[in-house]
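One structure is given below, encoded as structure tokens.
Letters A, B, C, D, E, F, G, H, I, J, K and L mark the chains as written, and numbering starts fresh at 1 in each.
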Amino acid sequence: MERQAVGQELAPLLIELVDLALTAKQAHWNVSGMWFRQLHTQLDVLADDLRLWSDDVAERLTTIGVAADARVETVAARTPFASFPSGSIDSTKVASLIVERLEKVVENNQTRIAKLGVVDLVTQELVIGITGGLQKQEWMFAAEQPGRPA
Amino acid sequence: MERQAVGQELAPLLIELVDLALTAKQAHWNVSGMWFRQLHTQLDVLADDLRLWSDDVAERLTTIGVAADARVETVAARTPFASFPSGSIDSTKVASLIVERLEKVVENNQTRIAKLGVVDLVTQELVIGITGGLQKQEWMFAAEQPGRPA
Amino acid sequence: MERQAVGQELAPLLIELVDLALTAKQAHWNVSGMWFRQLHTQLDVLADDLRLWSDDVAERLTTIGVAADARVETVAARTPFASFPSGSIDSTKVASLIVERLEKVVENNQTRIAKLGVVDLVTQELVIGITGGLQKQEWMFAAEQPGRPA
Amino acid sequence: MERQAVGQELAPLLIELVDLALTAKQAHWNVSGMWFRQLHTQLDVLADDLRLWSDDVAERLTTIGVAADARVETVAARTPFASFPSGSIDSTKVASLIVERLEKVVENNQTRIAKLGVVDLVTQELVIGITGGLQKQEWMFAAEQPGRPA
Amino acid sequence: MERQAVGQELAPLLIELVDLALTAKQAHWNVSGMWFRQLHTQLDVLADDLRLWSDDVAERLTTIGVAADARVETVAARTPFASFPSGSIDSTKVASLIVERLEKVVENNQTRIAKLGVVDLVTQELVIGITGGLQKQEWMFAAEQPGRPA
Amino acid sequence: MERQAVGQELAPLLIELVDLALTAKQAHWNVSGMWFRQLHTQLDVLADDLRLWSDDVAERLTTIGVAADARVETVAARTPFASFPSGSIDSTKVASLIVERLEKVVENNQTRIAKLGVVDLVTQELVIGITGGLQKQEWMFAAEQPGRPA
Amino acid sequence: MERQAVGQELAPLLIELVDLALTAKQAHWNVSGMWFRQLHTQLDVLADDLRLWSDDVAERLTTIGVAADARVETVAARTPFASFPSGSIDSTKVASLIVERLEKVVENNQTRIAKLGVVDLVTQELVIGITGGLQKQEWMFAAEQPGRPA
Amino acid sequence: MERQAVGQELAPLLIELVDLALTAKQAHWNVSGMWFRQLHTQLDVLADDLRLWSDDVAERLTTIGVAADARVETVAARTPFASFPSGSIDSTKVASLIVERLEKVVENNQTRIAKLGVVDLVTQELVIGITGGLQKQEWMFAAEQPGRPA
Amino acid sequence: MERQAVGQELAPLLIELVDLALTAKQAHWNVSGMWFRQLHTQLDVLADDLRLWSDDVAERLTTIGVAADARVETVAARTPFASFPSGSIDSTKVASLIVERLEKVVENNQTRIAKLGVVDLVTQELVIGITGGLQKQEWMFAAEQPGRPA
Amino acid sequence: MERQAVGQELAPLLIELVDLALTAKQAHWNVSGMWFRQLHTQLDVLADDLRLWSDDVAERLTTIGVAADARVETVAARTPFASFPSGSIDSTKVASLIVERLEKVVENNQTRIAKLGVVDLVTQELVIGITGGLQKQEWMFAAEQPGRPA
Amino acid sequence: MERQAVGQELAPLLIELVDLALTAKQAHWNVSGMWFRQLHTQLDVLADDLRLWSDDVAERLTTIGVAADARVETVAARTPFASFPSGSIDSTKVASLIVERLEKVVENNQTRIAKLGVVDLVTQELVIGITGGLQKQEWMFAAEQPGRPA
Amino acid sequence: MERQAVGQELAPLLIELVDLALTAKQAHWNVSGMWFRQLHTQLDVLADDLRLWSDDVAERLTTIGVAADARVETVAARTPFASFPSGSIDSTKVASLIVERLEKVVENNQTRIAKLGVVDLVTQELVIGITGGLQKQEWMFAAEQPGRPA
């Protein structure tokens, strides 16, 4: 196993997952409108998943001997995501904001999975599992986008 | 109830709790040394408490009509805490790093409790409850500081 | 107890319940639109109820000495229901598709209950219990039909 | 502790909570329309909270030596709430009907909390806790009002 | 199924169950004397049963298309029960007050069961089940009446 | 927070709670007579509450930096309670023995709550919560005193 | 281990425990009077204990190669207990009827324990454990006998 | 409800269920042979069902004002069942011994259900429910009889 | 990820799992003979596994944007399995009927796993996991085939 | 059984266990230093064990007809243990303080077990069981003594 | 207590229990034939019991100050059991292989119990308890031996 | 799938896991010193993991048709690990003894994963999962090695 090669894939994934967990909570608190309850609950489930996955990624980093770094200043500096809107968010607008972020991590993971297949199959399996979970979450928010063709 | 006055006390408390939760996780992953297991577990319990408290504070903010803001860039910009050390941390050094941070929130809360007593007793009770919890956590980490007089 | 008379009522009920359980799952997977989450969950609860009821009916058949038959080709051949639409279904259209199917089983059960009252009160009680459950499910989907007069 | 002064605050609160619990159940049974399931569930959670709080208030009354009275004729005679509409209620109209009632109890409690602060801090804490819970419920229904500015 | 005929049996039963649940709670709070604890607990179990049964009856009403009505003013106006005594009640006097009320509902249900047997067997079964439960509760309170011949 | 002032209120409360827990157990073991089972159970619930409260008070003492002291010789020396009767106790005599002890702690706590309001609101809230619990226990034993006016 | 010697001690114990379990249930159903609820519950706990103990004794018999016999005609023929009164039993008379039966088994077990100490310590330990349980049950019923000196 | 008519149906059913529960335990302890474990477990489940049903029947008797009687001498005198074989029973012979006994109760219940339909529908429903359960148990033992035609 | 290529592997797997779940239930109801209980239980566990796996496969299809289709007519038309025998099945004949069907899915999955390895590793991992589960089930039924060489 | 002889062994054991439970709590609250968390938890487990054992001993005393006495003044007067140090205790010093106390009870119990073997085997078994538990606790604290030869 | 004398009885018992646990697992994995499922489950329950008992024995050894030794080479060298057959084992042959091993430990324990009665009653009780458990397991396997006389 | 090739990878892994589970228990019983409790617990968690993994590996062997062999003489003969030290082990020395053993299995598994990737992806996934678990355990023990650079 090549430690640095593995660390280069996992470290940014950790940043993305921790930022998304904060974002899911932010939306959980500020969503408003007729679908409030549905989304308030769904976002909390998403946040729970993201926290579990970030824990798994961080502990895998430490396990392979690379220090995990998800301090707030690190996440703020390295996150690839644009700022999530502040204040109240209408319940019809939440889904697409979440979908585009989940999509980006899934996309990044495709490359990571390919690279990890060469250097560490144990880490690759971890990222495959997380990617499957992210895609399922993405489907369930995408299904709720207004104007989505049935 | 004066909404803005209440919001001015809760908003920074939310920032502090969210940052501390990230810090507790950071230490949970990177602690190392003979007391590893004791601290690895204790820091996870602390992170769980901090997450529950930040959820309560954020939902109280929304309840009184002030938008909660704990996005990563907001927390990074407004947190009162200096950077937590990166990389592996010796298990004999964790306690004091945590204690000084908990102490600061407790200190800030003393003022907040006083101010809230004038404007909103419901919010005051929430902050009193969190402060009691923070002080108990502070005691249990302080007890583990090396060289602490018995 | 007249075994054949009882079997003639239960055997088609088993077919209807097994087909409806497959239908509920089909809708659970393919529903889409703003009410996705609400219906995705509700359809799973319905499928669970239908599976429990079909188990009770099939075991009652075996208990009275008539072989239960819910093999896929039997269900496909004998089901009274028209084909459920394939592909994605808009969340505003699910309720009426489910209601009309539940209504049909309830209607059939009215006759079955009357006939069973003459030949086997134990089986009658089973069908009465299932009918009450089907009617409750029907109410909860009917309540969600768009354009329904309040 | 001045028993009568405390009783004068708690007795009407008990009336309000018991009436609201009956109202929440009434709406739970009669709500109808596209958001049926979301509100059917949410109203049941509200009813459970209200029943627990009314139990706490009634037992506090007995504890301080004032007989609790929540017999149906007492509640009907003393409730401050106008009649809840009979019959089926559209799911887009439930939220505001609930919000206005919760708001009234919260408002009444502000005065009660102030008065209790002078005569009995134990009872005051009970009413502060219930008020926090009522405000959280109010937020979650208010968030679902149609036409609510995000 | 004749909807109105069914509704005519269930609607007054709902009133009786909701009033009795309030009465059971009233007695639960105000009972006093040497058998306090035994009755305080037993009355709470009774209230729980009555609440579950009233929920079943109200949802059956909605299911068959008749609006349930258990608003406080409706219950107060239509309840067949005389006023329950206010204030503290000696623990030796509770049993007979409860027994006479349970007895009345059981008696009313005998007629209801007979009428429902003609119009809707599903509803009949529901009322039979509730009646069995009411009779069991009646036995357990009747057993505690002072001076009861062994 | 003035550490010594807080400690002066909590230290004697700890003594009272620990002594009462021993007393509740003593009565739990030695009660006898027709109401044995009711009181045997009720006293165990009381002992559990008292143990939890004494744990909270002792840990609050340590948290604020005052050593908790509930060693047997300390409790024996400082308890304000007269000796509980030795040997078997008739079940009609237990209630008043418990009530008078609970009453005394409640009375002492009134002063403590007032004093703590000036020096530490977190500790005050703890004592308010314990006092509410003690009063509820007092009510439930007082209700069982023979000859108690209904 | 001497199989027959062990069987001679266990077989009559099995008879006694099975008869007592039937007796406890008989009293559980027919008790009546002011202490009904207390005894109704207590007798059910006793029946559960007796059933567990009879299961242990019967399986020990089979384990050592002696066929257990607790068929109804065997128990009726060999039970050492006089007939339990038929019909309703006043709640003040239950305790002594139960105590005298428990006392007899405890007495018989003293001899059995002594004999088993010579032939099989495993079986002896089983009977010692059951005897401890019987004595505890005996105490708790004896405590409820009217006129019992405190 | 005609109390004596109901009692005449339930009293012998109670005898049958209590005797069968003792029989199921007798077989549970003494079964032996290759299918031991399967039957040892299955007979325990049967005994549990029979005990629950006998409790329901006995409490229904008391509820309607007829004293339940399942004392060992009553059961031994009135049971309709021939003696169950003593000693070890081969696992291939258990099923038919159990089936013939269950069959007899089911047969008796057919008449009872008919008679109860005239005098008390609540009791009839209880007996219908028990009969359904007995028939299911009968099927599962009958399925295990050697030489049973598939 | 090539959506159509993935869908072509998963769609037939869904058909096979849904048909097998119906088959497992069919056998669960109709098995008969000395090993009835063992197989009745084992087939239910198998049905539960198959239902969970079909849910995972169908939701993966929807996640990748291919509509899942497991309607009864689709399953009947596309299932690769010959008709399962109708009526009662001897318990010695069940194992081989199940084994040959499980074997076929495992065999098909070998090809699917290979193809999915090229187009989507997330879906491949899902199919690998299901295949491991199918093989374990296959072993446990195969172990029970009569005449199987030890 | 000779009641007084048994009481003479159990009464002082009750004193020792109650005092040790208070001591374990005292240490649980006041331990401090690097091994704080390990000992804080371990001492709570010890206190729970001691409370359960003291309950068993006290109820055995009552069962045999000797009044249990663990009032605070009795325990303070009769405890054989020297005063436990007041104030904060370093985590490296706790183990030996606990070990010497546990050792003493174990030593006393050796004599008690011998004496009880002559007068009451049921009580002897209780004390044997407690002694095994005390020795296991002693081992786990002894293992943590600094300077202990491995 | 004579430490070496106790150790001489427990050390070989530990070896026997650990070897038997490995054997139970070996049979659990390799059993095959018509009774597969029954034995596969039963052997796992046996392995769980043996692991718990070996843990108790090893911790008792450490408690009395004798180092437990159940390293693989020690167990292999000192086990009194002949090699368990390798490879697949027919389900009709498992029982006797297990019974003969259990019988041997039971036999050895008879001597151990006698010797321990002289030196340490706490350890004796532990071995008595384990022996009772081993005998019960032995019965349940012995009951399944083919050709066993009923 | 090439059965023999798969078996050649899994059989030695089974040996290693079973030996390590015995070693973890050996250390669990014999660890001693200031970190006793931390390691006593941690080693038990490790033993549980190892037992679950060895069960999975052995059942996979049987599933693919290769007899699992983890009899004590096989494990002793084929284990690659040097003898674990006998007797008491200081708590500062446990970590490195465990780490070096875990490291060896992880190293062996790297080769096994590579070989299995060619012959059986289902087995490969099982070994990848176990390897991830072993590495996580290795990290948590390695973190506790004295003198480990932070």
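The criterion applied here is as follows: a contact is a pair of C-beta atoms (placed from the backbone, for glycine too) under 8 Å apart; a residue touches a chain by one contact, two chains touch by 3 or more.
This is a predicted model, so every value here is computed, not measured.
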item	value
From the options F-G, D-F or A-B, the pair that copies C-H, where over half of the contact pairs coincide	D-F
Pair joined by more contacting C-beta pairs (F-G or A-B)	A-B
Most distant chain from chain J, judged by the mean position of its C-alpha atoms	C
Separation of chain K from chain L, taking each centre as the mean of its C-alpha atoms, in whole Å	24
Where chain A and chain F are represented by their mean Cα positions, the distance between them in whole Å	51
Separation of chain E from chain G, taking each centre as the mean of its C-alpha atoms, in whole Å	39
Two or more partner chains touched - positions in chain L	35, 38, 59, 62, 87-88, 125
Inter-chain touch pairs (all)	A-B, A-C, A-D, A-I, A-L, B-D, B-F, B-J, B-L, C-D, C-E, C-H, C-I, D-E, D-F, E-F, E-G, E-H, F-G, F-J, G-H, G-J, G-K, H-I, H-K, I-K, I-L, J-K, J-L, K-L
Chain B residues touching chain J - in the complex, by the definition given at the top	35, 38, 41-42, 92, 140, 143-144, 146, 148-150
List of chain E residues in touch with chain H within their complex	110, 113, 117, 125, 128-129, 131-132, 135-136, 138-139
Chain D contact footprint on chain B (complex, rising order)	1, 59-60, 62-64, 121-122, 125-126
Residue ranges of chain G in contact with chain H within the complex	18-19, 22-23, 25-26, 29-30, 55, 58-59, 61-62, 67-77, 79, 83-84, 86-88
In the complex with chain J, residue positions of chain L that touch it	31-38, 40, 87-90
